[in-house]
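What follows is a short report on a single structure.
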Amino acid sequence: MSDLETPDQEIPARKMPARKIPDVSSSIDLTTSLGSLQLQAPTATASGCAAAGRELAQFGDVRTLGAVVTKSIMKNPRSGRPTPRMAETPSGMLNSIGLQGPGIEAFLEKDLSWLTENGVTTIVSIAGNNVDEFGELANRLKDVPGIAALEVNISCPNVESRGQVFACNPFSAASVIETVRREWTSSAPILAKLSPDVTDIVEIAQSVVEAGVDGVSMINTLLGMVIDLDRMKPMLGGRTGGLSGPAIRPVAVRAVYQVHAALPQLPILGMGGIRTGHDALEFIAAGASAVSIGTVVFGDPGAPWRIADELGAELAKRGFTKLTDAIGAAHER
Amino acid sequence: MSNAKQIKSRIISIEPSGSYLHLVLEAPEVANYVEPGHFVAIAVGGVGSGMLLRRAFSIHRATADKSIEVIFAAHGQGTQWLAEQKAGTQLDIIAPLGKPFALPRQPVGCVLVAGGYGAAPMMMLAQQLKQLGCSVEVVLGAATEDKLFGVLESKAIADVVTVTTDDGSSGVRGRVTDVLPDAIKRVSAKAVYACGPMPMLKAVAQVSKELAAYSQCAVEEAMACGIGVCMTCVLPVIGDDGVTRMVRSCVEGPVFRGDRVRWDDVDTIPADTFGAPTGGGH
Amino acid sequence: MSDLETPDQEIPARKMPARKIPDVSSSIDLTTSLGSLQLQAPTATASGCAAAGRELAQFGDVRTLGAVVTKSIMKNPRSGRPTPRMAETPSGMLNSIGLQGPGIEAFLEKDLSWLTENGVTTIVSIAGNNVDEFGELANRLKDVPGIAALEVNISCPNVESRGQVFACNPFSAASVIETVRREWTSSAPILAKLSPDVTDIVEIAQSVVEAGVDGVSMINTLLGMVIDLDRMKPMLGGRTGGLSGPAIRPVAVRAVYQVHAALPQLPILGMGGIRTGHDALEFIAAGASAVSIGTVVFGDPGAPWRIADELGAELAKRGFTKLTDAIGAAHER
Amino acid sequence: MSNAKQIKSRIISIEPSGSYLHLVLEAPEVANYVEPGHFVAIAVGGVGSGMLLRRAFSIHRATADKSIEVIFAAHGQGTQWLAEQKAGTQLDIIAPLGKPFALPRQPVGCVLVAGGYGAAPMMMLAQQLKQLGCSVEVVLGAATEDKLFGVLESKAIADVVTVTTDDGSSGVRGRVTDVLPDAIKRVSAKAVYACGPMPMLKAVAQVSKELAAYSQCAVEEAMACGIGVCMTCVLPVIGDDGVTRMVRSCVEGPVFRGDRVRWDDVDTIPADTFGAPTGGGH
């Protein structure tokens, strides 16, 4: 029966439709920047929540997004964790994907090339099992064209330090960033992705700033667990998982607010449960220069475009003409 | 990749059907693109909902330029919410999603096997196979009679329909796989199509293989996104190159060749999987 | 117009109705214990979510609860924070009550006396601005009859340490507990109430165990913020607030699981977003011996009783005959 | 403390009324205990809701052994959800809550002042005052005509009804406080009852005081529990002993004596409040 089509084949690369200028019906200037990177729109995807952008193309023109932040890529191919990999939780979800991915070489060949060919603003997220792997990834990527920024996902376990997450320790966090900074000769900015699972996120932010980042992405997921009472064990294959979605938004806004208060010059890519333009403006007002849309994309794949439009309307309603005027506006001056 | 659309869709009707609900949705924008095995993802919970994720359902039927239909069980809180909705309510849906059943290029003998609401996509498939000139047997099973779906409808389409229930409340007492070998032999089936619980799919794949029929199995893995961006819905599948990969069932499935899925290894990462953990990593 | 009744008077003490035996329709044994404290039922209220129990009496018989955990009381009367003091968030809420209360003397006279007279199992929660205040409170309470346990709320800011929360530092946490242990000559157990806002909650649990607690209550709220975009500043009078409710449940279950895994003998009073008996059983299976119901009481004042009943049914469904058999059942053995 | 009950309550009807919705709930268990100024707390969102907290509404009317009624504005997501519900739906409600308006023991002149949906509890109050033999004037204000409530109904009960709108679309152009002094003087009011936005209540309390009438103001503070256990709904109120305390508006209010509330200090902790922060603490 070789005459049945095989259904488990590769996804064909999708042709992009004609470029559409985003319809932010108002005259609000939504351009913004993250350090030296100019963004034409304020909403990006969040790492791990949009793969490498291709699948979203059926719901909108990915070239009009602020950026596609790709799923964190590792040096080698990686199968991820056993299933179940997710549990829906009240206004959120838990995931233990375990950084499944094809490894850096296949990523460059199949994913980044598609993004570059289509002119998508691409922020490449990298992750390593140890400090050296981060350095190798930065080195491999430094001369690759089409990378608008590097997002360094330090919210992953450090195999050399009994699995402690890099971002949970100011020294480990800094040593990853120092290594990446050394290898990364490109002028595109480096962002460190911070974890909220720390006693003092400002301390971590300060340590990565000293180590040379150009900005921070925050927040990554919170460590959580759901128990499957029928099997009487943790629901997820990875036992614990990362909690994301609107449930964690107040924690994310607080973290952005604290870091902006302590380091007002530091560019912040804000994220954590953003569902509407109103939510996005909370992050901007707390001190973010742009936002990433993560979990909400799963329920509403058009969200990154919709939220940019709504953000424009929310700004207009409050008399702003430029998004950049609203950055940090909720801080007393 | 299917060419899915996110649309607002009005409920035309929602009626009980045995233990299930039969939902008819106004969806002219997508109805024409539906093939058997496609699924629809429905947002649940309405204003202020705490449920972020869509619920996935096989498309039972599509009426050109008009509607799509779904058969579902009110199970957890999302489907319970859905069951409470009334005709006239607008739902937010994405369809068609996934890879449909692959159809044979020549008329061959086919057996369609389904458990419970797994029968939902089978009628549309049986119809298309008949149109292609295939001879079609249908085997429908469930725990009890009220959990059977589509028996009458199948009888109107298929050449032979066999029913099994675990408790014997309808048809043959037993499992679908008890009657499957005979069905395969009766039509000299070259293709077996299956939709239902994992253990059933595993058994169907095995029986089919033994009887030299290709099987196409629609799996049901928990999905966060349904569109291929999150990597939650994976299972170990052997590729054309013989390598096992953790493959997304929402875009590379939900229909897989039964002989390619490593049924015994679902919910694990087999050691020989592409990218499986080695000593150092995790 | 002295002939108008004044509406802003004290609430009259409410007479308790005849005692009703809880109707856990099954034959499941739901009694449990926290160290030396035997509990007749597995659900308690959570501190700050049931005042001193009196207002709940119109929705159920508070004598049939596992315990009433009173709002954290301080040495002196305290007005709390300015309003707004709360914001509803997705599947949760943020509060900045700021420990409003009448001070220990008025508490003993008006609140504890009512609880004691009515035979309610009472866990008194105490909070201090500094280590000495905790000691003074323990000393004042040690000979007072009717206190089933002391819950030491170390998840509050330490005025002497620039407002850092005691529970966020293993040394501050331990020094509070050592002081309380020294003053507390009663045989009733001491529970330390832990904060999830730490890098490593197991480290904090270990430090309070070494300092002499008999058990831990976990978790307190997560630090969060909501921004009021119309006033362009943080919504709450206290700027940041504590996030509670089902939104945080996966974080709480994870914390209980981690602490039980590290300290399997340590009694845990589990809490954080419990809404149903199913949720409660997640905490028990993760390692809690009993649970507190907090935020969910605001929407459903009958919840502590309902959840006990549901918990019985969930246990029965899974073949348990005693709640204590399910404690920690989700851990691999 | 009121003797509140948590009950399941069927929607008898839900109909628009100007800018508002008029909700009638089957509630025989509580209807007989309702007094003017009591409120009801309604759970919103249904299955899988992300909204934990109830919404509070003044009780507009109670029909003995039968029903209670509410007038509400669809505002945020909870009230939007409520506005979408249909007759027949079961809601989870708690009522009656709060301390009602205190009634005079002798027949005196009374003025009832309300802004927008603040008029909801006033008709029941006017009726009771009339039964006590009081002379009753009603003053109703709103931004625009469609936001007025209860004008006709008030006219049927009260001796005089004065209407104001900010834009002059109905009645006198202006605020309720513009016409309040005359109303107080006309009936030689000893008692002024008010329900509406905070700035209105503040102005009413002030005008009343100047004209030697006692005011009773129903405040609207955000509430998490509505039953007195959480301490979110506080405002600074001066007690009989002259001491300012942060007092719960859900159980010690929502009705307060206008001369006792420190209107200018709402949303602050006045320095002389019982337990206010001193140097050391916070």
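The letters A, B, C and D name the chains in turn, as written, and every chain counts its residues from 1.
As a convention for this text, a contact is a pair of C-beta atoms (placed from the backbone, for glycine too) under 8 Å apart; a residue touches a chain by one contact, two chains touch by 3 or more.
Quick caveat: nothing in here was measured; it's all calculated off a predicted structure.
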Chain separated most widely from chain A, comparing mean CA positions: D
Averaged-CA centre spacing for the pair chain D and chain C, given as whole angstrom: 33
Gap in Å, rounded to a whole number, between the CA centres of chain C and chain A: 36
Intercentroid distance (Cα basis), chain D paired with chain A, Å: 47
Sequence positions of chain B contacting 2 or more other chains: 50-51
Contacts with 2+ other chains: residues of chain C: 90-92, 245-246
Pairwise touch network: line, ring, star, complete, or other: complete
Touching residues on chain A, where the partner in the complex is chain B: 1, 3-9, 11-12, 14, 48-51, 55-56, 58-59, 71, 76-86, 88, 90-93, 95, 97-98, 100-103, 129, 157, 159, 163, 237, 245-246, 295-302
Of all residues in chain D, those that touch chain A in their complex: 50
Complex contact set, residues of chain B against chain D: 44-51, 77-78, 80-81, 84, 86
Touching residues on chain A, where the partner in the complex is chain D: 90-91, 246
Contacting residues of chain D [partner chain C, same complex]: 1, 3-6, 43, 50-54, 92, 94, 99-106, 108, 190-191, 213-214, 216, 221-222, 224-235, 237, 239-240, 245-247, 251-253, 255-257, 260, 266-269, 273-277, 280-282
